[in-house]
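My questions all concern the structure below.
Every chain is named by a letter (A, B, C and D) in the order it is written, and numbering of its residues begins at 1.
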Amino acid sequence: MVIVMNREATEKDLETLKQAIEELGMQVHISKGEERTIVGLIGNKRNVEGFPFMSFNGVESVVHVTHPFKLASRDFHPDSTIVDVDGVQIGGGNVVVMAGPCSVENRDQLLESAFAVKEAGAQILRGGAFKPRTSPYAFNGLGEEGLKLLAEARELTGLKIVTELMDLENLDLVAKYTDIIQIGARNMQNFPLLRELGKINKPVMLKRGLSATIEEWLMAAEYVLSGGNKDVILCERGIRTFETATRNTLDLNAVPVVRRLSHLPVIVDPSHGTGVAAYVPAMSKAGIAVGSDGLMIEMHPNPAKALSDGAQSLTIPQFHALMQEIKALTAALGMRLEGRKTVAL
Amino acid sequence: MVIVMNREATEKDLETLKQAIEELGMQVHISKGEERTIVGLIGNKRNVEGFPFMSFNGVESVVHVTHPFKLASRDFHPDSTIVDVDGVQIGGGNVVVMAGPCSVENRDQLLESAFAVKEAGAQILRGGAFKPRTSPYAFNGLGEEGLKLLAEARELTGLKIVTELMDLENLDLVAKYTDIIQIGARNMQNFPLLRELGKINKPVMLKRGLSATIEEWLMAAEYVLSGGNKDVILCERGIRTFETATRNTLDLNAVPVVRRLSHLPVIVDPSHGTGVAAYVPAMSKAGIAVGSDGLMIEMHPNPAKALSDGAQSLTIPQFHALMQEIKALTAALGMRLEGRKTVAL
Amino acid sequence: MVIVMNREATEKDLETLKQAIEELGMQVHISKGEERTIVGLIGNKRNVEGFPFMSFNGVESVVHVTHPFKLASRDFHPDSTIVDVDGVQIGGGNVVVMAGPCSVENRDQLLESAFAVKEAGAQILRGGAFKPRTSPYAFNGLGEEGLKLLAEARELTGLKIVTELMDLENLDLVAKYTDIIQIGARNMQNFPLLRELGKINKPVMLKRGLSATIEEWLMAAEYVLSGGNKDVILCERGIRTFETATRNTLDLNAVPVVRRLSHLPVIVDPSHGTGVAAYVPAMSKAGIAVGSDGLMIEMHPNPAKALSDGAQSLTIPQFHALMQEIKALTAALGMRLEGRKTVAL
Amino acid sequence: MVIVMNREATEKDLETLKQAIEELGMQVHISKGEERTIVGLIGNKRNVEGFPFMSFNGVESVVHVTHPFKLASRDFHPDSTIVDVDGVQIGGGNVVVMAGPCSVENRDQLLESAFAVKEAGAQILRGGAFKPRTSPYAFNGLGEEGLKLLAEARELTGLKIVTELMDLENLDLVAKYTDIIQIGARNMQNFPLLRELGKINKPVMLKRGLSATIEEWLMAAEYVLSGGNKDVILCERGIRTFETATRNTLDLNAVPVVRRLSHLPVIVDPSHGTGVAAYVPAMSKAGIAVGSDGLMIEMHPNPAKALSDGAQSLTIPQFHALMQEIKALTAALGMRLEGRKTVAL
């Protein structure tokens, strides 16, 4: 951390600041430039996280030169983390595809989806049992009944399951059924929830918030990691920008940035990222080529009858066609499509 | 709602769409233009909220022509709502000032703040007992101890209290102590929480999410209203934009927009809106002049010792000076500063 | 400027960097922290503007601790600049109102507008003769004919004139007629144009670009100032954000930020800032209360017949009513409405 | 276009609006819904572009249901346009790579770059002779001397040339030397310049503005097309968002959106899109996989000595390695790397 003094700062201001820093257990390094005096802080920056240096006389600005996350950083953990989901490995050069309907609607819809996902060579079935909806009047999921159907689909297909948890109340319930707990974009900074997720022994997929910086996203991961749960998967799903041609702006730049800053695996969700089925294939391929650890794609047997997010769902044939392209692409890029060989079974 | 067909849409596509709409209990109104056919939907739009029209053949786009909220709209409730907080009225031409420290830190800090708030002529004391923090390592509030101190401050000063609720677990606890339950920006779309707030009998102040459109904000209010709780106060606290000179971009435009679309009172928070104490006075005055129902301002006896948000906190003298300016301003604008006459006591 | 080294940086990397910095005529100040080594640069930072430190081995990031503008900064010029427009003073505690139609359409429209502006107590007439239009098929102004009508209106009313210049070709022509040259948001970084504006002797009003940071805006002003023209007026006119309820997001936060960083006067344009006439009065009052040096407001004798921007234009009676409110407000705030006393003439 | 009436709209308001529309040569189609009356406009929408319907009594909002561009739209021109640059084809399934230094700095630097670009199998050399710089004190290009060096490099390598034009003054000069005229992001809405580009016979590469919607970008292309110049190439180069980990947010979503809306070829610039050399390879591969018509990449023989944009420039070996990956990728995707076979010559 570097503190920049303003032009009016006096020697006394500097001394007061220096004392406050030293009381926090840090050392001070002062550089007097032509226009400004700069105060460098040396020591464990976590002691000063959020300390109100801006309220000291003579301080013009506070500049952070290192990132505030530690356990999530590649500095701390140079090797890439591989999250093992009951045999399916996420991270480490694999490409994993998670697919399925936005919501679990009924047994037929889910099982038809699950077999189609399996047949196409994907490894993980997605489906929402608890749905966050902008409108209080919209369908908000089947609840435990949906979780049971997901478990049945896993039984029948061998796929792993990922589903969303919306609140602490349902943590035990969701954890009982799913293989990966998904935390949605709107809950990325639900700190009480993140704290509890740190205490369980189940992979967590943390979606990036609509307006979260990559640093904030990694700080959210830090909440889970700092509780002891090391199995965190990140998922880029689009940010909010001025552009309205797509529902969100899928930020693929985040993938190489996360790779550089963190050891955690990162998945791309082109369905929420664009909100338009027609753009999903192109963005899926880009999501692979950019070097992510996999994709999460919405697919529905009949999007025109979907109870949620039909507009962004691929049909089964569209999904199968896309998977063929993804296979060619991963091969060309020297990546391995996780579980691909077992598809023929 | 208006559905725009693409150029390739056939008569059969149009017929299929028409049937689906009629099955939803709506009527169809078709306009064939030179370039596009447009399908208007007539009837209760809530039936079709989220229906996947984009997945039908021949559909190019879906255009919403009315807002999705009902109970929050001025159409539904033409008169402005006044929320009565145990005698302090929010809305209806009053200007209410809520002030106090970001966090409740200890008894001395809170009581000194409370008396200063009272003396300056404000009506409501703010202070956080549960704090959402970006870092898992930062101070996150005193919990119930903080609530008790707030209640004591109320007892001693006669001020009303507003404090943040972060999760369902603590709903009963927080509701027991506070006069207004504050829902923070990060929880604006915590739908399970919003649903429960609809069931209680206590005013709710709903902060706008960092990247929430005004429409989404009013939909979040709709969650609370639709549960039966009519006492919702909105609070603009800055949105996330590309500009980094301020921590957030306080969006004062939201005030006249909300006025036009909704009957709910709206408060402005220049402290979080800018994140810099030096900008709070100017933005407070602008927040009054723009026609809001009041302000929420962070003030601390010693910002340089604050455990959170010191950089954006006014000192007590700065706050008192600002209140003098606000009084002159409200008078010039023909508004009434709620409780102003009692200040001299 | 501070350069942060990454963990892998070697002593040799540090030495190479140090040499490069010293070759640029700067001194080096090295702080070795627990996690990172930080290199501070001391000396005239303009020598290193844009230097590719990021391309050196071992460099993790480059952090700017001071602003890149000099002539536009309050550090360099502590007193606020007052721009004298042939007797009308902009800056220094005055509030100046510029008003008139978006485009000059014909003699009747312009003169009716001009007399209404005069009567309401404003000092400067606005009107576009050259119009930047998103569509190549839209009305793009009367050109020199429009400039002549503006000059006639000045003759008849005594108002000063502000009109937009779109390109170098018309610089002499526009400068011949107008009192203030307006540079539109889309031209804020038209660097060849800015350079030429630095060479003339005529006030320039520089609108903030739709996605320009305040720092970039001040750098654009620096272009003009560095050429020798000291009469630069800034104009905040709304930035582009995710919110679509308003055409742009008028960023009033920019006013106190500019005040702190710069000595240049700053004007607020609520018409372009919101794009909706109904929101203009509220945002105008906020624009005054926030401490700007004045307003630029679109007004049209018959907005429903306007050739451009009718949706955001006030009618003459609406403008007159607003001016009454503005007068009360400026008085309450201890500001002076420039030229108010002469209105009765 | 659809006009939504508010609840207070009277029959007389509707009649007045209807007459105004019919006077514009359009037909009116009225749908009376339960909550709102909707007025559809049928006919040539260009007549009503910018008409101030919002200023009519009783009008709540105006909703555009079709795009305002015509010549740039795929509706108008269903087949994809291929721009022939003296034998190098851009569009139509080819992948073209443009590479070279940000600025032309001197003969050695440019020729070394040009031969490296040629050897790597790219087809077009980039290099700026006129540079838009945020700071008035920064290097702003060699001017005509730079253009001459580019022409010499073309002579020696057979590569085509693309370079930026910043203003009308230099149009003839730049057009004399270059094969493609590049219009930078800051000039995307420099309408006088766009108009002139419509009158010449030379391909124009139009970069997307930092905060331009895709619709505005296509409207800028419409300016050029409407003047008669059909050879417009679009270039996505990153938009401005809240994220600061990258200099801009390269918006790859724009590629499939442009494909759907327009027939024009679209190129991706990962160098400006991210601003960080380390992220360029990943985003380049994503740019290919998403289906663009090519890439524009900054490469410099010695980025640490570059006079501009060194931080985002690849070294020659990095660029060569990336080209190998791009070749494998284009093959896997069934695309053709333009001119690849001739590289060995």
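In this section, a residue touches a chain if its C-beta (ideal position, glycine included) is under 8 Å from a C-beta of that chain, and two chains touch if they have at least 3 such contacts.
Since the structure is predicted, the reported quantities are computational estimates derived from the model, not experimental observations.
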(message) Looking at chain pairs B-C and B-D, which one is connected by more C-beta pairs in contact?
(response) B-C
(message) If I compare contact pairs by residue number, which of B-D, C-D or A-D overlaps with A-C on over half of them?
(response) B-D
(message) Using mean CA coordinates as chain centres, what's the gap between subunit A and subunit B in Å?
(response) 27
(request) Let me have the rounded angstrom distance from the C-alpha centre of subunit B over to the C-alpha centre of subunit C, please. (result) 31
(message) So the centre of each chain is just the mean of its C-alpha atoms; given that, what is the distance between subunit B and subunit D in Å?
(response) 39
(message) By the touch rule stated above, which residues of subunit C touch at least two different other chains?
(response) 211, 240-242, 244
(message) Which category does the touching pattern between chains fall into here: line, ring, star, complete, or other?
(response) complete
(request) Spell out the residues on subunit D that touch subunit A in their complex, using ranges where they run on. (result) 211, 213-215, 239, 241-246, 249-257, 259-261, 273-274, 278-279, 282-283, 285-291, 325, 328-329, 331-333
(request) Could you pull out which subunit B residues touch subunit D in their complex? (result) 2, 4, 7, 29, 31-36, 38, 40-45, 61, 63, 65-66, 75, 240-242, 244
(request) Please name which positions on subunit D make contact with subunit C in the complex. (result) 20, 46, 49-56, 62, 68, 132-140, 166-169, 186-187, 189-195, 209-211, 216, 219, 222-223, 226-227, 240, 276-277, 303-311, 313
